[in-house]
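The following pair of complexes shares a single chain, subunit A, combined with subunit B in the former and subunit C in the latter.
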Partner chain A sequence: MIYFQILANGLMLGALYACIAVGFSLVWGVLNVINILHGTFIVLGSYIAFFAFRFAGIHPFVSVFIAGFVLFLMGYAIQSAMINRVIAAPVLITLTLTFGIDLVLNNAMLVAFSADYRKINLPSPLPSFEVASIFLPGDRVAAMGLALLLTILLYFLLRATNVGRAIIAVRMDREAAALMGVDVKRVNAITFGIGALMAGATGALISVIYPISPLNSSAFLGKAFVVCVLGGLGSVPGALVGGLMLGVLESFGGFWFGPEHAVTLSFGLLLILLFARPGGLLGKRGYE
Partner chain B sequence: MTVAKLSITNLQAGYGDVQVLWDISLEVNPGEIVCLIGSNGAGKSTLLRCISGLVAATSGHVVVDGKDMTNASEAGVVSAGIAHVPEGRRLFSAMSVHDNLLMGAYLRKDKAQIAEDLDLVYSMFPVLAERRRQDAGTMSGGEQQMCAIGRGLMARPSLLLIDELSLGLAPRAVELLFERLRQINKGGVAILLVEQDVMDALALADRAYVVNRGRVSMSGESKVLAADPAIQEAFMGLA
Partner chain C sequence: MSREWTSKLLTRFAIAGAILGSAVVAGQAQETIRVGAPLPMTGPLAPEGAKQKKGYDLWAETANAKGGIKANGKTYKVEIVYFDYASNTPRAVQGAERMITEDKVNFLFAPFGSGASKAASSVSERYGIPTIAATASSAEVYDQGYKFLFGTLTPNETVTEPIANIVTSKNKDVKKVAILARNDLFPLAVAQQMEKSLKAKGMEIVAFERYAIGTMDHSAAVTQMRAARPDWVYATGYVNDLILIRKQMNELGLRPKVITMVAGPAYREFAEATGPLGENISSVAWWHPAVRYKGKDVFGTTEAFNKAWDAKYKGEADYAEASAAAAGAILQLGIEKADSIDPKKVRDALASLDVETFYGKVKFGPSGQITSLEPPVFQLRGGKTVVVWPEAVKQGELEFFK
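Showing the complex of A and B:
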């Protein structure tokens, strides 16, 4: 059945979309910052994986952790040094700030790495296999598995640890969180760091499958937006459901209408949902 | 002489250009219940917020256990043994009751004692134990206030600041809450209470301060204040 193959492709893509969006969604939900930098963070993660592979022979799946760590530090620093200064300002101010930092970082990457597309060619890719006549490329399945694992880890971090509880508390009521002794500015920086970590880690995962270029960053950002609107803001399950849905939708859309219309389809859906269900499919009312 | 738990001298504070507190001086001794009374907008909440670090003092001093804590961070104030139960309760509404209580113990590292204190709060407010997995925002106002007080207690404070204990709550819930405050106080926790039900507040407290337009206009033992005709006229509708 060709449809099962398309569904499988969509789920493999969707897990990556979920991973792309979950950090973006967290930052938006907790800090009320629309982080335009998110796409560039993802590309940066891909480059870290690319250079780690080229110069040190490190497998991109191992670089997931390196890229995540480096991007966490970077995100933490950007929030502490810059965004925290205007965090209480209206959302347009913080958006403009991240937009500005994005211009700088993205152009720096263009200068440093050029706009050429590069690709990691693994000497020994994981073997592909077939289940019930569905063709499954090994590396894509592994990337999907790691993407899901990262998303689930983030979920448990938020649910079951002190830091996670503090992040949620700041999201719900920053003043009350401060009264509990939470250092809100530090939690802001950690949250932004985690958002960047997820972006960097996803970038490393994606580097196994897609070519890398600084020009990709806006496409990633677009996906993150659509997934957030689909799934609802700020919740990990929302991003997961939204990501998987978008992946499946693009996969079927590409099959029925041709791959050139996949993006039109996802943004068309975004518009319809903004009219019909602006809170997202899993968005909780009053959760803000 | 014992050192006051909290001693405030000539405190001034406000929001931007608007000064709210003028030359406030007050004291809370260890184990004491003190209440603040005064009309809406008198500055009672601002005073509590200034103590806990949410509002910056422009001059004057806040001294806790003999140590100057003027404009200390919120975390510093919690660590000094002062927990603030804010007006409107301000629970983390989509978080479970249990997690709300744990947030109260955020700065503590003593796991075993945190578990003990949780049991204590649950035994003090059994309804919270029943609803420990429920989102805090789905409970009644009275239950939320219990949760807010429980959350304050989880910091293991020696002074509890409570802002508008009974506002908008059912009389039976209020009665229970007052009873619990007595019990908490017997356990050695001092309480600084802002309460619009002046009669009940004066009955509970050892001493009281009357705040009027950001200044302390009267103070003294609550029994004496309760018998004062001016107070009776202003706050109790008695002539």
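Showing the complex of A and C:
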């Protein structure tokens, strides 16, 4: 019976990982930008939810949309004002740029919000369900549901709308897309904005689960990185599969080998996969 | 730019430099004691660094407001020289050395935590600079035979024995204990010490799990502990870890009779962040604002210290903040006792101190670590801490979960 509990733990954790990674994967896959800012965007989303709850009593799940919108504008602005200028440069240049912006933004948050860990305490938190002696924490289940919904929404946005098709066109071939009349710079900005939107929304979502502090941003970034490599870059289903897999693996790894080895196990698997399938589980060759 | 003009400019710079230089010399003539404090002001340990800084600042301000430190027939003003080592231990060691050789500090406060304090103490030992560590409790820091290092936190067993005594004497039904420890110097050391204290009392350790630094999910450990049905869960780590562990224990149905967490509940933000889930969590700290001592130090009584703290920072100090302020107050006692700022004499005075301060009785053992403190045990109730031990300052009885 305990294995079902471990599996349930892993799936719930995995959905959160997927949500943490999907925006990062999109930006990396489409723009070829390794966005070091991603973790900080998530923390910023959490702070938006935290302050909206504290000063206006807005439920964090409602703040998902507010945080997503604010972060979209911010991402759009950062891409059009800064990253677009060096977008054609080698990946190391854009990485350094986002790294620099991240230092500024993260330290600004430290100054503005302090490094104290805070947490949203809902007056009526969702209870844990107990189904056949498997405990399912209410807020994790709800967060997982919302995370899946967001991810599916993104998937359809990319498939079924003009903007989405333009993003995919740019991902496949930047020059050809430009020749077909796609405004590549604008698509870049929108894509980066959507990446930030997903990060902000995720931040608001997990504000009911994790303590909030600017110091957490690197942990989120690390998870996003692993999930992307596991699942394959730039694909929404890839992030989902990678996230779920990482969650389940860490859960069982922690159970069998002790919690201190959970991370060792997931990174070990990452190494093996990099040898065996460098494109990730759902990655397609030649997309870069 | 013509050559003549350049040389004129250079001359002016030289004159200005000379004037500034003499001003600096004049400033030093006012007799200042400089204390170096390498602190993690940025990076992951920034919250801890900020706490220590508050303690040092309050001491310096209080000492100066009361006319400075008197020794050798002179009055010295206190100046604290800070260095941000960005949570990076090797840089803390470099910072300590630079402060001694370039900033010419007279004394040193050690960096944050046992690991960095141990590393930096080798530098101050080499230069013979008395160093006070405010946040290093592990005995391994003090077992190097160093003469110039002093610590204001008692060894780990003093924080595990009292709570083991209280719980076992009050509730005979508590027999099985699960321990969850952060795999990190202090949290792991204190958890292992707890295991020893509990085994000595005949308790059964049904689980001893370690989690890695930066763990974002404790569900596997909590599930495993739940399967072992413990009466008591003892978890160690820092605020971030412990908030998450408490939440996941609740979500996954791990409900023991006693929950003890070290070291987070002593901090205000822990009670705020856990909210109702913080209720009845017990913990230990080396100091608590409820203790009452009649100090001979610059702060005086514990009440007077609490008042000074509240006036400057609003609210109560936690043990790390108080320990930092105590480090300053103790250094001052040492200088005054030595009646000199000579490092060797101050070192000898510190080693022979036996005095009551706002922070507790201060007497250092042969290793330099304080031996005279009685770290209080407390429990969170209604978002506030209630001291349950020692008897002299007790505010209530330890309560168990139903």
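By our rule, the second predicted complex is superposed on the first by the 288 of 288 C-alpha atoms of A that agree within 3 Å, B and C clash if a C-alpha of one lies under 4 Å from a C-alpha of the other, contacts with A are read in each partner's own complex, and residues count from 1 in each chain.
Throughout what follows, a contact is a pair of C-beta atoms (placed from the backbone, for glycine too) under 8 Å apart; a residue touches a chain by one contact, two chains touch by 3 or more.
What you are looking at is a predicted structure, and each value in this text was computed from that prediction instead of being measured.
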Once chain A of both complexes is superposed, is A:Pro259 in touch with subunit B (first), subunit C (second), both, or neither?
second
Taking the superposition on A as described, I'd like to know which of subunit B and subunit C A:Asp183 touches: first, second, both or neither.
first
Quick one: classify A:Ala166 as touching subunit B (first), subunit C (second), both or neither.
first
Once chain A of both complexes is superposed, is A:Glu175 in touch with subunit B (first), subunit C (second), both, or neither?
first
So which one touches more of the residues on subunit A, subunit B or subunit C?
C
Should A:Ile6 be classified as contacting the first partner (subunit B), the second (subunit C), both, or neither?
second
Contacts for A:Val241 in the overlay, against subunit B (first) and subunit C (second): which applies, first, second, both or neither?
neither
Using the superposition on chain A described above, determine whether A:Phe135 touches subunit B (first), subunit C (second), both, or neither.
second
Interface with subunit A, subunit C side, in the complex: residues 42, 44, 46-47, 50, 183, 209-212, 214-221, 223-224, 227, 239-240, 243-244, 247-248, 250-253, 269-270, 272-276
Would you pull the subunit A residues touching subunit C in the complex into a rising list?
2, 5-6, 9, 12-13, 107, 110, 114-119, 121, 128, 130, 135, 137, 139-140, 209-211, 213, 215-216, 219, 222-223, 250-255, 258-264
Can you check the complex and tell me which residues of subunit B touch subunit A?
52-54, 73-75, 78-79, 83-84, 86, 90-95, 99, 102-104, 106-107, 137, 151, 155
Listed in rising order, subunit A residues that touch subunit B in their complex are 162, 165-166, 168-169, 172-173, 175-183, 284, 286-287
